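For reference, chains read A, B, C and D in written order, and residue numbers begin at 1 within each chain.
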Amino acid sequence: MLAYTLRRIAQAVPILLLVSLISFGIMQLVPGDPAAVLAGPNATPDELIKLRQTLGLDKSLLSQIMIFYGNLFQGDLGYSIILGEPVLKVVLERSPISISLALYSLVLTVILGLSIGVIAAMKHNRWIDQVAMTFALIGVSVPNFWLGLVMIVLFSVHLGWLPTGGYVPFFEDPVGWFLAATMPALSLAMMQIGLLARLTRSTMLEVLGQDYIRTARAKGASEPRVIIKHAMSNVLIPVVTVLGMILSVLLSGSVIVETIFAVPGIGALLGNAILGRDYPMIQGGLIFVAAVLLMLNIVVDVLYAWLDPRVRVQ
Amino acid sequence: MQKEPILRVEGLRTTFTGDEGTVVAVDDVSFDVNEGEIVGLIGESGSGKSVTALAIMGLLPKSTSQVTAERIMFDGRNLARASDREMRRLRGGSIGMIFQEPMSSLNPVLKIGDQLIEPIRIHERISYRAAFDRGVELLTKVGIPSPVQRMNDYPHQLSGGMRQRVMIAIALSCSPKLLLADEPTTALDVTIQAQLLDLLLEIQAETKMAIVLITHSMGVIAECADKVVVMYSGRIAEQGPVTDIFDRPGHPYTKGLMQCTPELTGNPRRLTTIPGALPSLSALPPGCRFAPRCGLAQPACEAGRPPMIGVGQNHASACIRADELVASAAQPEGAEV
Amino acid sequence: MSSLEMNDSRSEPSFLSRFFEGRRVRRLIRHRSFMIGLWLCLFVTVIAVLAPVISPVDPNKMAIRSRFQPPSFEFLLGTDNLGRDLFSRVAWGARLSLAIGLGVVLLNAVFGVLLGALAGYFRRLDGILMRLSDALMAFPSVLLAIGIAAAMGASAMTAVISLAVVYIPRTARILRASVLQVNELEFVNAARAAGAGDFHILRRHILPNCMAPLVVQLSFVFAYAILSEAVLSFLGLGAAPTDPSWGIMISEGRSYIREAPWMTVIPGMAIAITVLGLNLLGDGLRDVLDPRVKMEH
Amino acid sequence: MTHRNSKNRLRGLLVAGAMAVAAGPAYAELCGHVGGDLVLGMEAKLGTLDQHVNAANATRNVAMNIFETLMTRDENMAPILDLAASLDVSDDKLTYTFKLRPGVKFHNGKPLTSADVAASFDRYSRIGVDRSALGSVDHWETPDEATFTIILKEPQASFLESISASTVPIVIVPSEQASAEATRLEPIGTGPFQLEEFVADSHVKLKRYEGYKPNETLEGMSGFAGRKQACVDTVTFRTLAEPGARLAALETGEVDIVEDVPTLSKERLAGNKDIVQTQLKHAALWLTYPNLSEPPTDNLKVRQAIQAAMNLDEIMDAMSDGSYSLNPSFQFPGQTYYSEAGSQYYNQNDPEKAKALLEEAGYNGEPVKLLTTRDIPRLYTAAVVMSEQLKAVGINAELVVLDWPTALGMSVNETKGWNFFYTGWITVTAQGGAQSLRNLADPSNVHKPKDNKSDAEFMKEFQILSTSPDLEERKTAFAKAQERVFEQVMAIPFGVTPKNQATRANVKGYVPFFNTRVSNVWLAE
């Protein structure tokens, strides 16, 4: 198990290098000017030219990138052009916000997705199944940013239940965090809830038809016991493998949701960095995010092995 | 006078509803199982023998199947009227069951030990420790080496034969009065089949529980059973004590089954199979369901359902020519002796 | 079951006729959600094809005086902040969305099959191709698409290419898995024993038997592409801003979401209906063609 | 003594500032109530708070509550002292001597000295965006802790206008920060508020600086100068980019002040008694300028045809949803230099004349590329409507829509690939005549004249405008220069939009300005 984990981590290193090369390649193709972003829409061309010199943007992109790699190997991700702060510091400040939002979404996804899927499977072909699956289908078909906009109007403006967005640090005000994060988390999670509910239902139907479920019933196990102990333990295996996928989608899907709900997460940070041509931030941030995602995949694979004894022993 | 049988099935009927309409899988099946008796339930795949066992256990999916019976008396209780709760208490407690597929009948993600002691914990107020010890004991009893280690293994770490031993141990864990064994050896190698059957017989001799042994092999029946119930296409074709059936089969189908089993006839040249296949449940012939495949069929066979005709002590056959058959079977043998 | 059972691949010429043989077509027709999906997709397609005919006016025609008109008999779906007719814009937007989705699907089909087959069949290429796809998949997909779109400037072609880059690794992986599976089957070994060349085996024996999961995957890629195109356009990186794209319409409408909610709600519904149709269609195809495929992001 | 004369002149300057706020509250009443937390909903995202290298409006909105300057502009955009108590200008107009206000301390507790001022000027002249404002400076001196002297190479009439400009103001920072690299200035100033927390893309939180020493030469606040007081305990600037969310936040009371209320929403808000709307009538001037190097707009006749074809009412109506005023000038009405010279060329809406001019020019369907961005919706709308108007007279107008950094970069760095670029000026116009025409003069030349030499006649007037010591002469020069711009079609102003702001009814003392000022704003209980 340990060897397996270490091997997976070793495999991640060349992938990270590739990630950074790809993002470098893309950035080399991106036209535009971070000075223009910094100067804002009312800046005059004259101010802009001077700002470019000030920021050292008149150097070639190649030499900027060389500087970046030089620093990278010293563990320094450089300074953001737009924010004027160290990339690593900003990324470390922001990622907990995104990760906590993604985890909240994940909790919503798992609770709602699993229970909708399980209920639908248990009431297979009854009206509850139909309603649940219609809900799941709508979930996977509605664009999340649109859902976010509509939710703001509904829950903030008309009903006044939830704030329009923003971010409240969890440890300062858990209730405030909960209120502020609910709409973004829900609009992020909606599609994943749909996907998970559909996956859970089909897996559950498959598992409920297995011989070992019959065995469990033949032992006199009650229906809840059959579902929870015998069926769920098997349903969870494919579910866990998609959870990694879901979490990475939640983390990257947050670009647009974070923008709409004014959540200062890593998604909004990198989205703005790309739109603002903040090259050091894009490079450093993407490597960081890719590393997190790769790590997440490793965790999921290890978790998968732990859940499925057939894989574990091999 | 004879004691009450431990299981008395009367007029069991099971239907399935699916996309293609409703089919009757088991139609008016009645038989008795006495205490300490091994009853062989034999028939081809699809003849309704497994469904019969599952219906008795109440394990058929309620959404797609309907089970009715005049009575299913088990140990003084009518299972046909029992609540879900009562059924749960019986399942794994007084009635154990073993399934055909040892490979898939154990939950792949739970430890052997957990699965083994589960029925004990469900049916008895007993500590985990005590249940665990009982599990080890059971594994020893079914002949599994180093049982304590095996308790912590997962199913995929065991061979098929070992898994079926585990299944037997699970079924036996609460000392049932009745064991329903649904083709317990079919999926296994021949040598292992024999070992397992010996094991079952050994345990039966010790515990005196009744066994309903479902199989499609006359060889297994010959070796184990006290009584035979032959099923064909959802109905009982013939039932009776095992010696009667083998000596004087009262149904052409029973005869055909025996002829398929070389070690019984002792004459490989007479190895014949029954021509044709089981009729589809959605297109059953009107009279005797075996008639289309029967070499002895007469026009009368197709007129209506043949009644059960007694042809000996506790021996009955659903063939209008049963008496003829019994007589002819006795004749040549008697002549030779 | 799947086409894996059909061992006699010599007798085909047209894989499509095999693929949609009568039994499957009958099952599809009986499949309720497939038929609902088919009707929804047909509905959207008809609107897209007939956009020039059914649009009352040019989708970009401005009429400042009749701006912010709510849906009415005169303006079926209302007008936007520049007085453009939303019905015309939604209809032309269907054209754009379907065209972009189709473009992504085609690129996925071509490159996903190519790369997946190469990786699955020629084991020496597998390592490199799979690491590359690992790297592409390690990017958050939206950020990758934003980056590519920023590099190329907003246009429908940009949207197609950036979304294709996001989804091709995923499609290639699915195809690779099927190729690996089919490659192990008897008839492939038989063909190899008979001296058939690698490309012949790939083309005639393996690929036709990998089509079921591919078709299912592509139907979902279509749905995702339409959703993602809306995201990119919403951010200003998808379709050209002058195009009547649903994502752009939502983005333009959001400034007026309180006073003119139809500007946001209507294009959102258009997206939802189209994607719903494609998802239902995909569900049906999966159930009938390939019951093993479960879910792919 | 001439020395005294200079002092008098400056006193006049100060009085002008004071008069602007005559209607403001007396000092004792600056804060009707002290305490509370003020929250503002801002539209734009915020980058670095390094005010020396950042020209963004969004930055000034926050940073100018933290930092102060030696000189700034008052409510009417006239130069005014702030951190300096007095200014002496030598008779030869070469030496400017500032005496610092005593008792001023930075947020880190360090007293303000002339060394800090010199260090700030050093940094600004090294990397400041508008460092050309200091182009005529020879050097500066710090004779003592409270005196800062600037010595010019040659007299410059507009010198005070330049160093007081509030586009990229020369804010005073502690001397340790002199060597801070661009964008990495620590936000430590002398203003009434100090930085508490900065989370980009989310919010900036300021808190009252208890050691603040107000400028008591004025009765109240004027521009960025004057008597300022932090009435509230904290101020949070929240970025709420979604207009719907921003307004919703105001309506639910999540935020107290919102900038940029959409025109459509004004009516609805008017019915809400908890909300008060305010307006800065002339906030932004919207315009387009042609590329004089790229055919066909290198042809004056073509440019004139385009000028004639345009219906500016329609453009302004579309881009502002109906909240605008036409403005045939590069200055706002009421500003010193405002002139309507050349207004016969403005908003002609004469398609027939346009067609005739095109004929005359021999225009042959060459594409006219309108370079714009969707990132700023008004610029996009202006280009879209303009392209329709151009097409109507037979011009082959094409939209080139790029994201803002690319579009702005292209308009600055390229002379090819575009014919018109769109922009909006807020502070540029407000800074006065010379500032607003500077972009059309050498060496800026946003309109890309041939050989990078702007029109000679225009340049002659522009020289007078930027160097003449006489205001009337400068005003005349501005009018002539503006007329020349119209004649030569070097730029086309569309019109002016107001800044519509709204506050909760309990927010008092909030005065709309080009940038947000949170001093003297208090919350009624």
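Remarks
Rule of thumb we're sticking to: a contact is a pair of C-beta atoms (placed from the backbone, for glycine too) under 8 Å apart; a residue touches a chain by one contact, two chains touch by 3 or more.
Composition by chain, UniProt nomenclature: A = ABC di/oligopeptide transporter, inner membrane subunit; B = Peptide ABC transporter ATPase; C = Peptide ABC transporter permease.
The structure displayed is predicted, hence computed values, not measured ones.
Steps from chain B to chain D, minimised over paths through touching chains, total 2.
Innermost chain of the displayed assembly, by C-alpha centre distance to the whole-protein C-alpha centre, is A.
More C-beta pairs in contact connect the chains of A-D than those of the other pair, out of A-D and A-C.
Annotation: 40 Å between the Cα-based centres of chain A and chain D.
Separating the centre of chain A from that of chain C, both taken as means of CA atoms, is a distance of 22 Å. In terms of their C-alpha centroids, the spacing between chain B and chain C amounts to 53 Å. In this assembly, the C-alpha centroid of chain C lies 47 Å from the C-alpha centroid of chain D. Among all residues of chain C, those that touch two or more other chains are 150, 153, 254, 257-258. Counting partner chains per residue, chain D shows two or more touched chains at residues 242, 244, 248, 375, 402-403, 406. Here the touching chains pair up as A-B, A-C, A-D, C-D.
On chain C, the positions that touch chain D within their shared complex are 62, 64, 67-68, 81-82, 150, 153-154, 236-237, 240-242, 248, 251-252, 254-260.
Those residues of chain A whose C-beta lies close enough to touch chain B in the complex are 124-125, 210-212, 214-222, 225, 229-230, 233-234, 237, 307-310, 313.
Touching chain A in their complex are the following residues of chain B: 54, 57, 59, 63, 88-93, 96-97, 99, 101, 104-110, 115, 118-119, 122-123, 154, 156-157, 167, 170-171. Listed in rising order, the residues of chain D touching chain A in the complex are 44-45, 47-48, 50, 53-59, 127-132, 167-168, 181-185, 199-203, 238-242, 244-246, 248-249, 251-252, 254, 284, 375-376, 379, 402-406, 408-413, 423-428, 438-439, 443-444, 446.
By the touch criterion stated above, chain A contacts chain C in their complex at residues 14-16, 18-19, 22-23, 26-27, 29-32, 137-138, 140-143, 145-146, 149-150, 152-153, 157, 195, 198-199, 202-203, 238, 242, 245-246, 248-249, 251-253, 255-256, 259, 267, 270-271, 274-275, 282, 286, 289-290, 293-294.
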